[in-house]
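Here come two complexes built around chain A, the first alongside chain B, the second alongside chain C.
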Partner chain A sequence: MAAAAVYGGFKGRKLGVEDAPELQLNRIRITLSSKNVKNLEKVCADLVKGAKDKQLRVKGPVRIPTKVLHITTRKSPCGEGTNTWDRFEFRIHKRVIDLISSPDVVKQITSITIEPGVEVEVTIADV
Partner chain B sequence: MGQKINPLGFRLGTTQNHHSFWFAQPKNYSEGLQEDKKIRNCIKNYIQKNRKKGSNRKMESDSSSEVITHIEIQKEIDTIHVIIHIGFPNLLKKKGAIEELEKDLQKEVNSVNQRLNISIEKVKEPYRQPNILAEYIAFQLKNRVSFRKAMKKAIELTKKADIKGIKIQIAGRLAGKEIARAECIKKGRLPLQTIRAKIDYCCYPIRTIYGVLGVKIWIFVEEE
Partner chain C sequence: MGGRGGGGGGRKARNFATFRLFPRAGAADPNDRVFVRVDNNDYTVPGFADEDSFDPSLSDPSAGDGNFHSASGPLPEHVRREILELGLPDDGYNYLSHLRELRPAAASSFVPSSTARPEPLPLDVKAYDASRVRVGPSDGELDEGKTMCKVAAKTAPVRRIEKAVDPDVVRLLDESDVSHVGSEDEGLEEDFVIIANRAEGEELEEEDIEEWNGVLSDVEEEFDFEEDEPKPRVRRLLDEQFDLLALEEYGDSDDDDRVVKDGEYELPSEAIDELKLFQSQNVCVDEEYRTPADFVRQKVDSSTTDEVDESAHVIKKCAEYAERYLNETAEEEVVVLVSESSDESEVWDCETIVSTFSNLDNHPGKIETPGIPRKRLPRVFPGETTTTNDIIKLHGKEKLPVEYLPQRRRNGEKEKKVKPVEASVTDKFKKGAEKETKEEKKARKAAVKEEKKEARKAKKELKGLYKSETQKAQKVAAVTGPSSIRLIYCGKHFGLFEIMT
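Here is the complex of A and B:
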């Protein structure tokens, strides 16, 4: 709030006025990663909906190509026998959502939708 | 035998859910795994400790003792949810028990940022869970009941629960004999190759004075 007052530079204004047009607009990038697609898509949809309800500019969920990590382990607990290997996959799905708004609103939105198994990373860059 | 795949692992995408449900980048994945392992060990040790304490005072008929079916762990940004599924939650319903558990767990897991949230769920039909049956058989075998009787009694317990098929296999030094063998009893159907069949499995080691007996129980619950 102090930053807003300094940034705006109007002397007559009170600190902490919420709907001041001088509020910093930041470009906020939310990166969601997860192992399973259903929960991820749900969180994406919730975030986009929440942002549209507050009339923010949203750049919709960008689907980054899935990374498939191959994890190969010996099946045997000892070294004996034909060398059989298990081939496991670890699929990482990633979605990116861009918002243009002030950071407080974003904190509200991200605190609402929390699903297990989805990792949320928020980076803030000034417009 | 070496050729059968673990039916839980086989069905992980479809009829079986993961017990640990969280995501971490590959860099931090191993720490998360170790945390999980510590949590599970801590809970099991706690219950074993309290069971020993309890049985010093009175002889419990072990069908009323706690058996953990599985422990679900879900990790979010600031909380770890631990959901313990238990067959007969007697011990843990005592007042201080959950707080003690929380304290123990917080010591193990160096949770700087994270709150622990432990909840207990009672399993709906305990005799449908292979873990509970395995504990029952273990108790019987420790009391020197003949193993075939123990297996038959376990199968009788499941008759009340709705089960379409069951197979119990015990392997090792049965009745203390020198030559180990494996015995198994089957009832009903058990389609292990059908992925949409919901099959519960558990592998439970029993320590006897002659060595370790391995009990494997497959239960065919329903077909999707």
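Here is the complex of A and C:
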């Protein structure tokens, strides 16, 4: 709450400037997660570019450490033979982008850049 | 970051909304996604997930509340009436929203149906209404099988019923509780055995003697007494034969089921009459054994006139029967032919059983050794033009045409020529003319040996070449036809030929 008050002051000034279009600004956090780094990076880049085009304040993609899920199984379907093991990995990459804008804009942005396999979660809070 | 200094008291103020991209329900394209709210906070974002395809907001008060806003005004009339009918209070709350549809499986109360069908029979049971069947009065028979057969034979006109409900069960179901008091009388008395026997003993004098009760002693007595008398029926040859046969086959089991056997056969009516007679007389057996002759000759003191007469009659009858029997055997007017049962004719002899084939479809032939194929050789092998021999001699097991293949022949001739020449030359150097014959012989023999050696080598080579082919063809021959196919192979030029004898 205290932090909100602090921010409130700052925010107030900002709001004054942007009050003209009557858009409620929110702090928006976009969390992108995927197994696929390439797609993920592409989506991130697109989002950031789109936001920057619209002159929004963007806090660039924060890379959360990759979560690796290991699955280690015996290669053999039966118990016979040398005990060889398979080591499978499942990597989850996560990126976080913070914006300050109105929800409509964000909706626009996110609707454009849709890549399969990337999970998008948007959290909207008061500014 | 928002709300970090939230404080140690309560939870942080959750004034945020989280949306996630989900693929649209029913959409073919997985990339067709919409934002769906995934949290339960009160925070509203009007511009964001506005689609109605999901029912996202559980926290929004404006979302799904049934048909009417319960907060807005009193409930409609029919709703109120229904609530009142159910017995719920009419306090403005729509209790109908809490009503649940009763599924048939969830029925908790049992309502007995008025049109109830009695339990149908299981598929492997057949029920017959045998209430009209009169079972014979011979309930003293010990052989259950016989009784069942008798009863079963009489149940032919009995009709089959679909539902079998025991009449007792029906009665019990229908009765009220009051009548249960009387069930005690239906139980058995304690001395029911004695009562039953007593009752049966009285009945026997009136009823048929067919009623066998091995327990009663007076019946047995009568039977014993009756054995001393001659058979009321004329005894034929067949009877004796039958007895013999019976003894033969069932002699062992005589002791076990003697009682049963006695009870099995029905006494002929004449015997019954006799027994009745005795019953009325109340005859008792004396200690001593008395023959009819004793009675007649009046050796016995306490003989009555009846007995004397009877005895006389008996003796006369015996004599008559004896005469008749003698006459019968002398005349042989009735020759009883007892045909042998079919058992003997069905006995198989050794010859018949060895083979289950009949000559109708099996024509066995004499097994002979397959002859050596001599004839039916093609005169000229196809493809061979050099030779002009008419007869090609085949030697050896594989029937190789010796002296046929030009190659070998040439080789053989060459060697033949070479060897003896060489041998004779060398020999001549060594010894004089006198030793020539010996040397010549030796040389000749050596030449022949060489030739044979070469032949062997060539044959082996050829055999190796075509071994697999031979095996294959042999297999085929074994499968297809009789054993008189012989396989030959001749030379590497021609492959395999089959020769049939």
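Keep this in mind: the second predicted complex is superposed on the first by the 105 of 127 C-alpha atoms of A that agree within 3 Å, B and C clash if a C-alpha of one lies under 4 Å from a C-alpha of the other, contacts with A are read in each partner's own complex, and residues count from 1 in each chain.
By our rule, a contact is a pair of C-beta atoms (placed from the backbone, for glycine too) under 8 Å apart; a residue touches a chain by one contact, two chains touch by 3 or more.
Note that this is a predicted model, so its numbers are computed, not measured.
K.L.:
So in the superposed three-chain picture, is A:N26 touching just chain B, just chain C, both, or none of them (first/second/both/neither)?
P.N.:
The second partner, chain C, only.
K.L.:
Could you tell me if A:K107 is touching chain B, chain C, both of them or neither one (first, second, both, neither)?
P.N.:
second
K.L.:
Could you tell me if A:L69 is touching chain B, chain C, both of them or neither one (first, second, both, neither)?
P.N.:
first
K.L.:
Mind working out whether A:P116 is in touch with chain B, chain C, both or neither, as first, second, both or neither?
P.N.:
A:P116 sits against chain B and chain C alike.
K.L.:
Looking at the overlay, does A:S34 come into contact with chain B only (first), chain C only (second), both, or neither?
P.N.:
In the superposition, A:S34 touches chain B alone.
K.L.:
Using the superposition described at the top, determine whether chain B or chain C touches more residues of chain A.
P.N.:
Higher number of touched chain A residues: C.
K.L.:
Looking at the overlay, what does A:F90 touch: chain B (first), chain C (second), both, or neither?
P.N.:
It touches chain B, and chain C stays clear.
K.L.:
Mind working out whether A:I124 is in touch with chain B, chain C, both or neither, as first, second, both or neither?
P.N.:
second
K.L.:
What is the shared patch of chain A, the residues that chain B and chain C both contact?
P.N.:
Residues 114, 116, 119-120, which sit in both footprints.
K.L.:
Using the touch definition from the top, list the residues of chain A that touch chain B in their complex.
P.N.:
33-35, 69, 90, 92, 114, 116-120
K.L.:
Please give the residue numbers of chain B that touch chain A in the complex, ascending.
P.N.:
21-26, 74-77, 81
K.L.:
Going by the contact rule at the top, pick out the chain C residues touching chain A in the complex.
P.N.:
Within the complex, chain C contacts chain A at residues 1-7, 13, 15-21, 30-31, 33, 35, 38, 43, 45-48.
K.L.:
Taking the complex as given, what residues does chain A use to touch chain C?
P.N.:
1-4, 7, 26-27, 102-104, 107, 110, 114, 116, 119-126
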